[in-house]
Every structure is written in C-alpha cells, then in structure tokens.
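The two complexes that follow have chain A in common; it is paired with chain B in the first and with chain C in the second.
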Partner chain A sequence: MQHQSTFERVLRGVLIALVLVFFMFPIVWILLMSFQTNEQILRIPPSLLFEPTLENYRALITGRLETHAGTLDIRFMQNLWNSLILSVFSVALALVLGVPAAYAFARFRFRLGEDIAFTLLSFRFAPPLLVLLPLTLYFQDLGLSDTYVGLVWVYQLICLPLILWIVRGYFEDMSPDIEHAYRTAGHGWLTTFRRISIPLTAPGIAAAGLLAFIFAWNNFIFALVLASADKQPVTVGALAFVTASGIQYGQIAAAIVLSITPTLALALYAQRYLVEGLSLGAVKG
Partner chain B sequence: MHEREKNRVQAYLDGKLSRRELLRDMSALGASAALTSTLIGLGSTRAFAAGFDAMQHKGTALKLLLNKHPYTDALLANLEAFKAMSGMEVTYDIFPEDVYFDKVTAALSSRSSEYDVFMTGAYMTWTYGPAGWITDLNEWIQDPDKTHPDYNWEDMLPGLRASTAWNGIPGGALGSADAKQWCIPWGYELNNVSYNGPMFEKAGVSPPGNMEELLETCAKLATDLEGVYPIGVRGSRSWATIHPGFLSGYSNFGERDLQVNEDGTLSAAMNTDGSKAFHRDWVKMIQDYGPKNWSTYTWYQVGTDLGAGASAMIFDADILGYFMNGGGNKEAGKISFAPFAANPAAEAPTPNVWVWSLSMSSFSQHQDAAWHFLQWATGVEHGLFGAQTMDFVNPVRQAVWDDDTFRARIDESYPGYLHQHDVSAPGAQIYFTAQPLFFDLTTEWAATLQKMVANEVPVDEGLDMLAESVNSQLADAGLR
Partner chain C sequence: MSAATLVLDRVDKIYNVGGARPVHAVRAMSLELSPGEIGALLGSSGCGKTSTLRMVAGFEEVTHGSIALAGRPIQAEPPARRNVAMAFEGYSLYPPLTVRDNIAFALKSQRIDAAQVERRVAEVAALLEIEDILGRHPSSLSGGQQQRAGLARALVRDAALHLLDEPMGQLEPRLRAVLRGRLKHYIKERGLTVVLVTHDQTEANALADRIAVMEDGELQQFATPATLRDRPANRFVGAFIGEPPMNLLPAEARAEGQGVVFDLSRDARLSYAPGEVTAPVRDVVLERGRVIIGVRPHAIRLSDAGFSARIVANQWIGDQSHVAASFSGGSVVVVQHERVAARSGERIGLAVEARDLHVFDADSGVAVAHGEAPA
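Now for the complex of A and B:
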C-alpha cells in the first residue's frame, strides 16, 4: 500500500469534503426546508437558524393542510403509494420477462434476433407523448385506461429495454463454459439457467432492477395521460403544492424528502450489488 | 337539526348579517367553518332550484377535470349543495397547474369521453374550438328549455363574454355576431398595480397612474428602500410573460400584436413607432428597477417576492396581489391596489385579462346534464357563495360585484381593490388577436424581450427582427 504524507491526507480530506458539500448541499438544504414554515423559508436573507416544525410532514401524512385560507386536502400519501405499486410491479414484471429474454439474446442466435432486441431498445427513443396518444385510444377500447394493470404494462416501455439490454451484457460476459460444464453433468438448460446463470449474474440483475426502479419512480407522463387523479405518482403529486395562491415550499421539501426515501433506502441497501454489478465484466480475464 | 344555524345563514344571505357577524354567531353555536360554508351553499343553491326542474338529470353521473386553484376549492366546498339539488353524481379529477393543460390536451385529443366539463383559459379554446374538441355553448344558452329563466347570461361582464367567444377565423373579432361561445367565464383576473403600502409610505410615494409616473416612482423607491427592488413583472420565455402587465400597458397606447388586413390576412404590428417607444420604457423599467433574475420570473416568483417583501409593487394580475395579501405571507395585510393606465392620455386602464372558464367536451355523453351543472357553477348563487365566503375572485358577474356583503369583505381587507376593478372593468378584455399561432408568437415575443433586457439587441432592431419572423411564420401558416 502506498504511503501518504500528512499533507496529502489533509488535502484529500478537504477535497472530499468540498465535493461532498457541492453534491449534498441541495439535498441538505431541502431537508432543512422541510422542517420550516413558508415564512421561515422565504426570509431575506435565508438563515440556518430556525425553530423546526413537523407541520409539513404532519400535513402530508394526515392528508390535511391547515392554511390561513382554510383547510386543503392533500393526497400525497396516495401518490406515494401509487409510485410504490407502479414501480415495484413494473420492475417485477420486467425482470420476469426481461431476464430470460436477455439470456436468449445473449446465448442463442436466431432469425431477426438483433432486430427484435433493437426494436425493444427503440422504445426508449420514442418521445413518450408520441406513443401515449395512440395508446390512450387503445386503452379506452381495451378498458385499460385508469387501471394499475394498464399502467404497469405501459411502464414496460421504461423498464423492459433497460433490464433486457443491461442484463444481456452480463450474460454475454459470463463464460458459457461454466454452463456447458453443468449441462455435461446431465442438467437441462432451464436448470442451468436457474442454478448457474442467474446466481452468477445476480449483482448485474440487481443493478439493472434498481436502475429500472429509479427510472420508473421518476416517470410522470404515463400516469398523467393514462390515469385519473387517484392513480398519480409522487412526481405529479408533488406539483400540487404549487398553486395560483402561492407555493407551499415547506410541503414541497417534505414531499421530496419522503419521495426520495424509498429509492435512497433501496440504493443504500443494494449499494454493494450495484457497484459489483455495474463493474462486472468491466475487466476481462 | 341545525335550525338555528340555518336561520343565521338565511339572515346572512338576506343581507341582514355581515360575514363577520355570521361567523361569530356560528362559532357561538358550535358550527365549524365547513358546516357554515355548506349551509351557505345550500341556502344559495335553493334560489337556483326555484322555478326550474332542478332534478331533470337526476341519477346522471358527471366527471369534471379541474386545476388545483382557489376557484376549484370554492366549487368543491359548494358541490354537495349542487348534488343535493340536482340528484346528480359529480366526480372530479384535480391536477396541478403545471401539468394541467397537458392532461386536458391529452384527454381531448384522444377524444376521451371520460370528462364532461373542464376548466380552461380562453386562449386555449382557440386551439380546442377549431379542432372540434369543445362545444359551442350558444346552443344551450339560447335554448329556453335547457336554460334556467334566471340564468341571466347578460349579467356576465361584457368584456368577458366577448373574450370567450370567437368565430374561429384567424383575426376574427372576439365576441363578434357569428362567434361561438367556446366556454363560460368562471373567474378572472385583470392587470393593475398591487403595492406594499408601508413601503410606499416610507418612500413618500403614491401609486403610479401611468408609465411615466411608474418610472419616477421606481426611481424613488430604489433610492429610499434598501434590499427591496421596486417592481416585479414576469420575464420567463413564455407567452405568460406577454399577457399580463406588459400587454395591458401596451394596449393602453392603442398598440396591437397583429394587424388584420382588409383581405383578412394578418401581419405583425409590434414594430410601429408607438410600440417601440413602449418597449423602450418597459425594458428600461426592468433593467433599472426589476428583479435581478427577471428572465426566470413567472407568476410564482412575482407573487412570492411581493408577499415576502422583496419587491415594493407588481404590475400583474390583481388577484396575485390579492392572494399575496393573505395566507402565510410575511407582508399579508400590507398590500394595496391601484388602477394603472400606462398611457397618460388614456381615459382608463385597458387591462388584458386571463379568464378561467368552464368548457363542455364535445365527447361528453351527457351534454344536457353537463350544461345543467355549468349553469349552476357559473350562476349568480355559486358566484355569491364563492365571493362571500371563499377566494372565488374576481367574480365574472355584475350581480356579484354589486353585492354589498362581497364589497364590504373586500373593502375591509384589500384597500383599493374595488376601485381598481370598478375603474378597469369596462376596458377589461383580451387584447390579443385570436389566431392559431398565439402561443408560438407570444413565446417568441417574450424571447425578444429577454434579449432586449440583456442588451443583446437594441429595442428597435429587436422588434423589426421579431416582426419579420412573425410575418414569416404567418405566411408559412397561410395566414399572410
């Protein structure tokens, strides 16, 4: 291990601190805002000293915001719940469909294989509104408008290409010799897939799943167009605090904190897999 | 049950009690604010039901598409009264303003029958109407079998009736004899000066009455007030920068956005000498006395600065000042209002207006029932309910403006509000030329203003370039 001088250690510490401050400042500032009233937030100049309040969180969680103008109903927790349902089920479905498909594209050569794979990827290129307006018509005919099933289906436009293309890379990087060895021992390809391929690429699948989850969580246009107000995700719900009569900055900040918590928790929990997964295959032996 | 409360509410509706007395009495009787609102709504809705088969659409279910707005809050507070009176089921979807019109456009362009009635602005109907997405409401207004005898369409402020009616011909005059009534005015805003009274007092200035006085007042405020900039106006690269104070002042000099030629074609009119002179003053005002990051300013920043005491006045929607005078704003209770005629030679202000309106979807399966609802929602009774007890301002009906209870409420807490409105209302209307490129051309106008304020282009040259570009776009669209 290389020896570092005191100067180098201090310099490194200072630089890391600077980078941390730069990247963390907006998040910390939002966190602080979430414990302030609108009046405290809009003070000129802004101050770091304030009497913290939990009113913003209380209003979001209970669904009732007491203002000088009266009581406002808030559906933020419903929005949060919707985001959770849509993201979890969309990623789950995309994993069920995408991982075997990725394996097939990686291991087998078949007619029009690359064209099909590229077509699936092209879902990511299309501007959402271009796809959504015709889809709205079909959804109305099929009775899928304003349903979770319909939305989870449409969310595959986000999740499926991501998972398919990322996981395909991991399968391609994995040596087929390991699978051949297992199959030589008398196992079928399905067992090999389940017992060998998936465990070996699990970090990559987890990373792809996490990325797909974040993309699904951040989307708002699909539900906005295809569903009613009661099925909107947090990305739409958080905008409800911006009204003609004023912006509820405190509630927006609290809503942001609550809405990034699930993805942040998931990312922290899966950090090891994420790093391992994203670097898997980066160095070929 | 609630008999004593009902009697107090009826006395209030009859004008025998003030709002303050009603609230005090209701509180003494143990009634909540919500119950008070509901009782007032029921009382006023009874008047609507009298002499009319209010139950003719009993059992019909309607769905509304609404924007998150104080007008919507007033509607929801009174909706139970309508449901009880009509026997109809009314559900609704409320979307934040930021994405609201995306939702409306998606629903209408996909010919969805999900929504029967929706909120819209008059400008938007210039797209929705010709596309066949919304219904010409004249058909219902003129039908005595479908319209309540006391609906009193003529009671709607004439400028607003005209502003929401267009014949669909590019350049066609709003409110012309052959115009289609694409929506019904619901609540509106005109543009005047809202100012911080104590700040003006400290600087020893009066609210300005015209552009010249405005610049002088700003100069004094800039000198005498520390840490406060004199005037807030919008500046983002959007049509919304042009339509409030800017176009109101511009129109007061008799300037137009487009010229309608004799052959019906359109051509740019924003590079006349008068227009250039107005633009020079406007640009100077922003450069010398506006907010530092003006080019990012929308409704929200302009209002927030006034409410937080960062600006001394705004030349924007009167209701923006109204909202900032309440709520949890630091300067609540300190905002006053004044009429503003930019042109010293003008007799009165000519504010351009934004009209929140209600439209009926062409794809609605229950259009007669939807009209029944529209009548109630835009009627005098609901207007009075919202104006007296909630923030349903500005009312669109003269009857509401004449109501003593409403006037007393506004006069008590919003100094100068009634005066600025009364003086301006006769000239309050949409001053844009109705045509399909409205949003594109006004957005480019805002972008040109930004360049002028940033000194990237001189005013005269900038306007000539803008006019050239506008003419080219009109020609491409077959309008020139």
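Now for the complex of A and C:
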C-alpha cells in the first residue's frame, strides 16, 4: 500500500466518492426535501437553492396539516410512538425468550432439537401473508387484534428466529470449558449463565438485538393487517400522506427523517459497544 | 479443605445412551487415589481418559458406577459442590480478565483476604514463569502462556482434588522439562491430590506416583512407573510403555530336560538351561505352551547364543544404535548403547537373558511371567 502512485490514489478517491454519492444521495435528497414545501419539491427543474421551511416538521409534530384543499389530521407522532413501543417490546421479549433458547440449542443435544430450531428459522422464509389470514381470524376470536400484545406476539415471527440463530452461533463459538472453569470455582449453573455466558456473548446478543430491532421497526405487512389507526407504526402511518388531493412529499420526507432517527441513533450507539465487545473477544480459545 | 481420597468404583460412560449409535467411552473403571498422590491417566486419544476426568469434574454424567471424594459420593453433585479445581486443555481463561485476575478469581470469590491472594498468585506465577504477563489479557498471549495461566488458575486453589488435562501440551520442550520437576515439587509440598491426563509417557513418568494406562475405555493397569515398566499386566501395557516399543514375538514353549526352549519359528529359538529360568516361571510357561514373548529393545544382546537375524536398518542416533532386523519368526528392534558396525543385509546373532523376558498368554495377552517370577 505504501508504493502507490498519485494516479492510484486519485482513482481510489474518485471511486470512493462515486460509491458514497450513489448510496448517500437519496438520503441527502430526502433530508433536503424535508425542508421544502410541496411546490418547491415539484418545481422543474429541481433546484438546490431554496428557502428552508420547518413547516413539514411542525405539521407532523402538531398533527395538523393545512393544505389548500383543507386541513388533514395526521397522527404521525402517535405512529412513531407505536413503532417504538412495538419494536422495543418485541426485541425485549425476543431476547428474553431467544437468548436462553439459543443457549440450549448451542449446548445441549436433545430430541428434535435441530428440528425445532429449523422450524423456528423457517418462519423467516415463509411469506408473511401465509400466516396473516388465519392469524387475523384467530386474533379476532382471541380479542388480540389491534392490541400491542397481539402485535408484539406476531412480531416474534420476525425477531425470535433472528436472535435465536445469531446468538446460538455466538454461544457455539464460546468454549464450554470457560463455563466449566467458572462452575468448578464454586458457582451454580444459573450464575454461570448470567455472569459468564451472557457477558462473553454480549456483542453478539447486541448485534442480533439491533438487527431484530431494525427488522421490527421496518415491518409493514403485519401491522397493516392486524392494527388499526391508533396502533399503527410509522411504516403503515406513512400511507396517510397519500391523500385524495395529492401526495404530500414534504411531509413524507420529514416523516422519513424522523422515523429513521431512532434506528440510526441506536445503531450508532450500539456500534461503539459492538467494537468494544469485539476487541475483547477478538482472539478465541 | 485439604487433599482427599478419590475413589472411582466401576464407572461407565456411555455417550448417546439409547441413541442409534451409543459410544461406550469408559468401561467399568475402578481406581483409588490416596490423599497427596499424583495419578496420571495415560493413553492414546479416544481411550477415555478425558471422559474419565470430566466425569470426576462433573461436566459429564456418570452412566453407571460411583465416584467418591473424601468418602462422599459426588457423581450426582454439580461441579460447584465437588470442591475440585481443573486446568483445561483448551486453557479456557476468562477473556475480559487479566492473567492476574484469572488466577485470583476463585480465591477472591472465596473471600480470602487480598494480601494472601496476592502472595499466592505471586507464588504460583513464579513457579510457572508467568510473572511478566500477569497484567495482560488472555487474547494477547501465546498458547503456551495461556496454558500456564490456566494451570496457575487451577493450582492456586485449595481444593480436595486438582484435575490437570494435558497441562503442558503447548509448552516448548525445555520449559516442559524444567516445569515438570518444579510442578511436582509444588504439588508434593502442598500435599495436593492430583489427577493428570496426558498422552505423553515422559510427562506421566516424571510427574505421577502411579499411572493408569487406558485403552479403548478400559483401565489396563494402574501402577507405579517402575511396575509398568518391569511388570506390565498385559501385552498392551508392555508395548505401550517404553520407547521404542517392546518387541512382541509369538512363541511355543516346551521343556528340554530341566531347561526351557521358546521356538520362535522353525529355525529360531531361545533356549535356557536349567536354573536360568526359575522353577515357578518354568511351570507357568510350560502350562501355557503357546505364548507371546515380550523383550524390550534395550534388553536384546548381540550374541551368537540365541538366534540369527538379517539387519534391515541400522541407525546411530547420537547416543545409541537402533537396529531393525528380521528373521523367520518376525522382526525385532534392538537398541545398543555402543555403535553397531554391521550393515543392512548382514546377519547378526541375537540373544535375551531369561531375566529380561516378559511372557504373555497368546490368546488373552495377559502377563504370565516377568523375568524370574510369574505374573
């Protein structure tokens, strides 16, 4: 790498810039759109020079959108809140259930163990619509449709297999003798699980949790079918911006910016933690 | 608690019980280790020695039989309540802790006061030459350093029993040789009861008071290194202990007057005059007839008194000659401490003193006689 000509360095810089522009452009454009009015957005040709407005954000936060066709109620903040509740509780439940299960699958051989693990994984590749129709009927009978509990339950189809399979791999990579060493030092099984197994796989658990959170946050179809307006997450709520009088591009852009913020913040926070964890366990055995 | 007696009573380990292919890893293993004794489990890989150790530690369930420590049955107890310390073959140090904290870990959780912990860690670190890495994390250490840290973590503890699984496998030969002596001194000084698992005879001989030779899940013999060498219980132990391995030659024993003759083949025989072979040995050997003779390579003499063989290879390896020779009854390896001049293809005469003979039953392989006494 030391013997690099100027040409190579320039070429590399250009290529990196191209890749960055390609991937960052839509995000930057959305950010710009979120500060423009619908008229400014739809202007042809589009211009980078505009007078920024916070009108879109104001409308989202106050929940009232004034257009020339009249006022429109939007429940974006409620949707954002729903997304947060659904994702956080789904991931929390999936961790509580999935981490011990992953440990069991990694450490113990039991009858039908592999079959159960694979069945759980298969939830990930079954199309959601396959289960949605019967689920809708059951949920109506059970009184679970349009409740947080019901949605968190269904979200386990997304989160649980993910956490189970990722965390299982981390447990399998960890030598059981580290646990054995701790147990011979006078500690019970549960203490060992809490004090050794979980901390040593924490980076993996965090990564799986983050991934599960993103998947849960981005879910659309389950919430679309099983939740009504006051339980809808942002993914479904965004449909409200497609109105009879036109599409509210400015609000959509602002909504997108607001809705990716929590995931982005979480990812940035977790990234620091992930790196720290990885450097601790970098050399195994 | 101080060192205790370990008793294994007809212990069986069967993996995958009731499954499609159960594996019988340990069969009816019985042995008793006195307080302060160092016992080694010696055998090739897959012989069941590590399974035995892990049953004692409590990481594997005992399928049948019982294990008692200090007179208390422990096979149903969880590892935490067995009061054993273990050094693992894969080191298994706690990654987030420094070497010092790894070693001190168990002592600290026993609420031993800090000054004493410090002193004991320093002591064991000096023993294993790891003082300079006490402040480092396991991930930055070589395999040998991690192994010594793992060994230190086990040795520092007061436990009724210390289990060491291949404790020196990763060390370089010089360090291994130095540490063996020091380790034995440390163990004896504190009177620890130790079970050592190894596949290295030199290590077992140097460290252990008694060695349990295992093969195919079965205990072959549990005895002192000297007994294993001089009076192996069967042909497996005879061939397993010693380097190069014992020569095993099928033979037919018959009486010749008051003497004994072993026919190794049509034209090769070892004959002993009356008095050379003691009367009790003569009786048991003649009773068997078909036997296997075991002779250590060092015990074969170059002499025309015995049988003749053709040299296949002759190597001087610095301090001894290794001669491989074949004859009508098979082939033998001879070790001589002076240089053997004969070349490949030449014939030499080989003889064995009666006191160097090991005689095994031809069918069962069980020892019949060693030198001057029946087995």
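Things worth noting here:
The working rule: the second predicted complex is superposed on the first by the 257 of 285 C-alpha atoms of A that agree within 3 Å, B and C clash if a C-alpha of one lies under 4 Å from a C-alpha of the other, contacts with A are read in each partner's own complex, and residues count from 1 in each chain.
To be clear about the criterion, contacts are C-beta pairs under 8 Å (C-beta built on N, C-alpha and C of every residue); 3 or more make two chains touch, one makes a residue touch a chain.
On a predicted model such as this, the values are computed, not experimentally measured, just so you know.
When the shared chain is aligned, chain C comes close enough to touch A:177, but chain B does not.
After overlaying the two complexes on the shared chain, residue contacts for A:38 are found with chain B alone; chain C is out of touch. In the superposition on chain A, A:137 contacts chain B only, with no contact to chain C. Once the two complexes are overlaid on the shared chain, A:47 sits clear of chain B and of chain C alike. Legend: residue contacts after superposition of the two complexes on their common chain; A:271 is shown touching neither chain B nor chain C.
When both complexes are overlaid on chain A, the residue A:229 reaches chain B alone and has no touch with chain C. Of the two partner chains, chain C is the only one that A:187 touches; chain B does not reach it. Within chain A, not a single residue is touched by chain B in the first complex and by chain C in the second.
Within the complex, the chain C residues that touch chain A are 57-59, 78-80, 82, 84-86, 88-96, 105-106, 109-110, 137-140, 150, 153, 157. Note for the complex: chain A touches chain B at residues 37-39, 42-44, 67-72, 129, 132-133, 136-137, 140, 145-146, 220-221, 224-225, 228-230, 232, 236, 239-240, 242-247. Interface residues of chain A facing chain C in the complex, by the touch rule stated above, are 175-178, 180-189, 196, 199-200, 280-283, 285. Taken in their complex, chain B has these residues touching chain A: 33-34, 68-70, 73, 92-99, 102-103, 106, 109-112, 114, 227, 299-300, 303-304, 307-310, 319-320, 323-324, 326-330, 332, 390-391.
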